[in-house]
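As structure tokens, the structure follows; a few thoughts come after it.
Every chain is named by a letter (A, B, C and D) in the order it is written, and numbering of its residues begins at 1.
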Amino acid sequence: MNTIEPQGCRPRRLTVGRVGVYAFLLTAALFILLPLWIMIMTSLKPMDEIRLGNIVALPTALTFEAWSKAWSSACTGLECNGISVGFWNSVRILIPSVALSIIVGAINGYALSFWRVKGANVMFGVLLLGAFIPYQVFLYPLVRIFSMTGIYNSLLCIILVHVIFGLPTMTLLFRNYYLGLPIELFKAARIDGGGFWSIFFRVILPMSTPMLVVATILQVTGIWNDFIFGLTFAGRQNLPMTVQLNNIVHSTQGERAYNVDMAATMLAALVPLVVYFVSGRWFVRGIAAGAVKG
Amino acid sequence: MSAVSVRDVTVAFEAFRVFDGLSLDINEGEFIVLLGPSGCGKSTLLNAVAGLLDVSSGQIWIGGKNVTWEEPKDRGIAMVFQSYALYPRMSVRENMSFGLRMAKTPKPEIEKRVNQAAETLQITHLLDRRPDQLSGGQRQRVAIGRALVRDASVFLFDEPLSNLDAKLRNELRVEIKRLHARLGKTTMVYVTHDQIEAMTLADRIVVLKEQKVQQIGSPDEIYRCPSNLFVAGFVGSPQMNFIKGRLKGGDNGLEFVSGKRRLPLVGYQFSQKQRADGEVVLGIRPEHLTVADVGTWSDFKIDVVEPMGADTIVWCSDAEGSLQVRTNGCKGSAPGQHLALGIDTTQVSLFAANTGERL
Amino acid sequence: MDTISIRAPSISAPRATVRHRIRTRLPASLALLPTALVVLVVYIGCLLWTVRLSFTSSALLPKLDWVGLAQYSRLFANDRFLTSAENILIFGCLFISGCLILGFLLAVFIDQNVRGESLFRTVFLYPYAMSFVVTGVAWQWFLNPGLGLQKLVRDMGFPNFTFDWLVNQDMAIYTIVIAGIWHGAGLTMAILLAGLRGVDGDLWKAARVDGIPTWRVYISVVLPLLRPMIVTATVLLATGVVKLYDLVVAMTLGGPGIATEVPAKFVMDHLFERNNIALGTAAATIMLIAVVSVLAPWVYARYIRSQGRLG
Amino acid sequence: MRLKTRVSAYTLSCALIWSSGALAQQQKAEVLHWWTSAGESAAVKVFADQFTKAGGTWVDNAIAGGVNARAAGINRMVGGNPPTMLQFNTGKQFDELVTNDLLRDVDKQAQAGKWRDIMPKSIVEASVRNGKFYAVPVNIHGQNWLFYNTKVFADAGLEPPKTFPELIATGEKLKAKGIIPIALGGQPTWEHNLFRAVLVGNGGADLFRKFYGSRDQQAVKSPKFKETVELFGKLRGLVDPGSPGRNWNDATALVITNKAAMHFNGDWAKGEFIAAGQTAGKEYGCTLVGDGSSGKLVIGGDVFVFPASKDKAALAVQDKLIEVLLDPASQLEFNKKKGSIPVRLDVDVSSMDACAERSHAVLRDPSNQVEAMELLSTPNFSGAIQDAVTQYWNNPNMSADAFVEKVIGAMRDAS
């Protein structure tokens, strides 16, 4: 029985359910943060301590040496400049690849959802199936194709490769998003005399912000973390950061510095992480817009 | 005993106070309509009554019980929403019985109530369809049916007809009115921004603006004696004519003067004694102006004529400005024609120009 | 521009329409042309080339002789390939359902008006940004009985606690699943959360008035509404399943024994390490056939037959 | 527009050709290799410095992981834009490049430098195709060393074993004392490496060659082979349960931190000991387990190959590189850093560590030299055997006969 007459706000007792919600979220967060914890701890320890093997313990001798080494002085072959060398290469690959693959995806999505082009749907179907094929299968023939055209091992080449393999997802996302836009809009623009390109740039593209954000996030993550394409197609001058990361981390017969490995991995992940932090809310909104027609 | 009683309720979202100390009593079996433009807080009030929204202070009583802290399901209410809010991928029957099943009502009882509600609403043939196979009107019937099976003493409607086209809206409006009559003692609280719905359905209308109650009264009161300029302007279509002017002392008491228009206010019931020389707004509904060859005001010229079938709206103007007149015939229905207007002084409203309150 | 004419259409009208249609659709066709070329040359071309190579005896470098189905009979006699196929089925089912379940739970719990929502969201998403090459090592350590969880729990005073899935032939594949879910649950959460946010608020009110328990609303009302999101998430996750490679290499290298081998690794190893392009492409071809036979009906029904919305 | 792309592609390819020409004129050499760890980097720097001193410019292109590096190199050769020289493992990895005329033969330099006399016979054979040198070996790695922790053995009052039966007995005693007898990196590569150590130690060099080289099914069916396989199986009991999936260097770390007593590995594992501040012959020792004699050493290593070119200047740069690679001084320095031993047996190794000296001594007698698997068999066959070995190792219920069965299948099947 309530002794006081109920009035105003319902008394906010800390209900079991509320505690449960936070308990679950915190447990899940712990589970998901665990590897990160192990990596951070390892990156702050000297190798002697790592060999002793308590992976979750706090470092007894805290050192940031591994981080600075990973960034600027770890050796990958003759050059001992850490992964910082590849950073700008990665940026140079990233920006045009992301921009180009998004714009091509948007144009494709637009053409597929608003215009009827013969055979376009069949093309789209093949493209979708292509998304399920392991990339490795394409490597050899692509090398041949690109060396025939003479652009093999260049910045242009690696950008084209990223655009090609971004096609399925990008086209799918934009097509679905545009199918959700009212067709009246398009019809009105046609009646006003808009052509294919003017409608796209004046009407459709300005309405695509949520999807552009999602596409950017997906492509930035994918392209930034790519290793195999960068290695195969970029050429020595343009090797992305992941190749250096791999050089530091992977070595068949050399000794391993786990602290540097871990620090390098986290450093290499910074760019996508920043993108997530900055665009988190947009991400959810954009996916909502794009996934409707799944 | 009132069926629903809102006592000194404050609703606040963080710093923003939606209501500050609002009170409202609703009688048993009454059909009450909360009317107001969007953003006036009418839905917030309804949600607070339903318990979907916590009040910051004050109490809500339903059926003689303080339900301020009760869950919506325990308040003896049923609710119908603008977007129908039907459970997707459940058949109509499942939609209607879901709540009862959750409350562990015996199966035969569920069956009985669903069938009864379906019959009442004439949706028996739809019972096994799914919402996405229904038209908008059918969906809203189902939503009402879902409310009906709850056997509630208070029905809450949150703009239930706003998503429907005009014809269906009329049809369902009548349906709801009939339902209210059939259910007898059931109280209905109905939120809308459509003054026609409010006028046709309500026993009493609560007009809200900017989170404040403007007037409570029967449709007739609201229509004839709007308590302020806002209510006067919001209710009624076409809108009431407003004429700015001032009160002057005349031979037979006060007189309204606006330029060369003059109107002796004989028979107008002032709510309190008025002095002369106040700035006022005169409100005259279009149907209280009559077209005459010789009238109170003359020298009007017809601008536009809108025939509406049963009656005709005539826009006419003189040097002071334009007025709408509702006539029932085709007299004086050519633009450019000159005419005079007769005014029934007992039907006009006067408002203070500064506060907008009725005088 | 065409003018509207009430006269009966003359004979020449249809031809004019055709010409008109061609003129207005030309830019659209041209815009799709580069993609069409890529599809033709890269996707279809490379695939045909791959299929062709699977009928050869290519080793380090591709050559175009003909050995018939010899590679395929080798492939199906190869227990590593068969184990790989079985593993990818186990992994695919558990990984996709695990990601969907955990992602759904995370989305639901995050949707409860919690404090620090954006922090939780970023925490759940961060694995997606990390390269597997090293996070795999962190997982490997954590799951290693001598280093990670088992040792920690034992040190806390439970000497009989055993968690040795990583080194157990029968259980190792499930550790891959766990790490996979760790990686993919965040993205699934984001997609489903987007769906939750799109659910009509009135539905929630209706359910509360009806007195339906929250969990029941999620299961019976919200979940069916999320179907498009679930489809999207499943497609994204499924592309990851077929390409599963990095994770296995980083965590188990296919071991213990061949317990966690997967098809993409089989292809990679044979193409690049074992100088056996023919067998590698044969395995790739089989993967392709499997994927196509599962997906083609779906893609056809959903994307090719239904002509967008205009049809 | 289409014309424009063609033109730009044309100018681009012109630029490429021009730049490779320019490379040659400045004596620039682009070297593709997979030596990326700290110790390996230091080693390759020896060559680079020597080359610079000789007036060249070393353009380093390191890609971690032999597989990745080789794939990248082959892709570039196929794509018509090869580096000046690229690394392979000593053995059959580059066979097809020779048959496709993609590599330059360096037999003239080999004859001038008398490589056939100063290098172990098996290494020479692994570099020669059709009677001509196509690769320049730079080092020798012994692959079947037993590294042991001297302190653990001293504390237990035990001697390092000389034969495998002995090793099993010793191991049991160590296990009883709570020490991990054998630290093993539980990845197929290292399980396979352990198998080869047992095969050559217990079965002998001859059986080893018949197995990997001539794929002699009779030899595989012999009782000796079965005995060896069973012996290998018994080692499972001496490995800790945390082994599967472990990296080799984590296994080495177990020996370094006194948790484990023994560790089979190639001599590259010395790098980990050195990084931890330990010295061969002091904190750890190295020995060969076999028939009790000085032991047989399985040797492999690294070679560089030179893409064929018609450009005289490019050929001159390659010539200079070859000189640097086999220069005695750079050989000594390089191999000290790399943990391997010089490919030239005429180099004085007294300044090297105890393990290296031991290798050098063992290799003096050609009968102790056993060609590594990479030299004897194709990557494909090795891979197939590796699949079989890792299945056998990880499944204690699998009989030696079943293993033999699988091996015979692989011998029949693998190209």
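Convention: a residue touches a chain if its C-beta (ideal position, glycine included) is under 8 Å from a C-beta of that chain, and two chains touch if they have at least 3 such contacts.
The chain lineup, named per UniProt: A = Carbohydrate ABC transporter permease; B = ABC transporter ATP-binding protein; C = Sugar ABC transporter permease; D = Probable sugar-binding periplasmic protein.
Since this is a predicted model, take the numbers as computed values, not measurements.
Which two chains touch most often is answered by the contact tally, and the pair is A-C. In this assembly, the chain whose C-alpha centre lies farthest from chain B is D.
Separating the centre of chain A from that of chain B, both taken as means of CA atoms, is a distance of 54 Å.
Chain centres here are Cα averages; for chain A and chain D they lie 37 Å apart.
Mean C-alpha positions place chain B and chain C at a centre distance of 54 Å. Averaged C-alpha coordinates give centres for chain B and chain D that are 89 Å from one another.
Residue positions of chain C touching 2 or more other chains, listed in rising order: 137, 146-147, 272. Chain A has residues 53, 139-140, 246, 249-250 in contact with two or more other chains. Touching chain pairs in this entry, ordered by label, are A-B, A-C, A-D, B-C, C-D. Chain A makes touch with chain C in their complex at residues 21-22, 24-25, 28-29, 31-36, 38-39, 42, 53, 55-56, 104, 107-108, 110-142, 145, 164, 167, 171, 175, 179, 183, 193, 195-197, 221, 225, 227, 242, 245-246, 249-250, 258, 261-262, 264-266, 268-269, 272-273, 276-277, 280-281, 283-288, 290-294. On the side of chain D, the complex with chain C involves touching residues 67-68, 70-71, 74, 78, 93, 95-97, 100, 186-189, 240-247, 378-380, 382-384, 387, 390-391, 393-395, 409, 413-415. Residues 2, 5-11 of chain A are the ones touching chain B in the complex. Interface of chain C with chain A (complex): residues 1, 24-25, 27-29, 31-32, 34-36, 38-39, 41-47, 49-50, 62, 102, 105-106, 109-110, 112, 114, 118, 120-131, 133-135, 137-139, 141-142, 146-148, 152, 182, 185-186, 190-191, 193-195, 197-198, 227-232, 235, 238-239, 242-243, 245, 264, 267-268, 271-272, 277, 281, 284, 287-288, 291-292, 295-296, 299-300, 303-304, 307-310.
Contacts from chain A toward chain D in the complex involve residues 47-48, 51-53, 74-80, 139-140, 143-144, 146-147, 149-154, 156, 231-232, 236, 243, 246-257.
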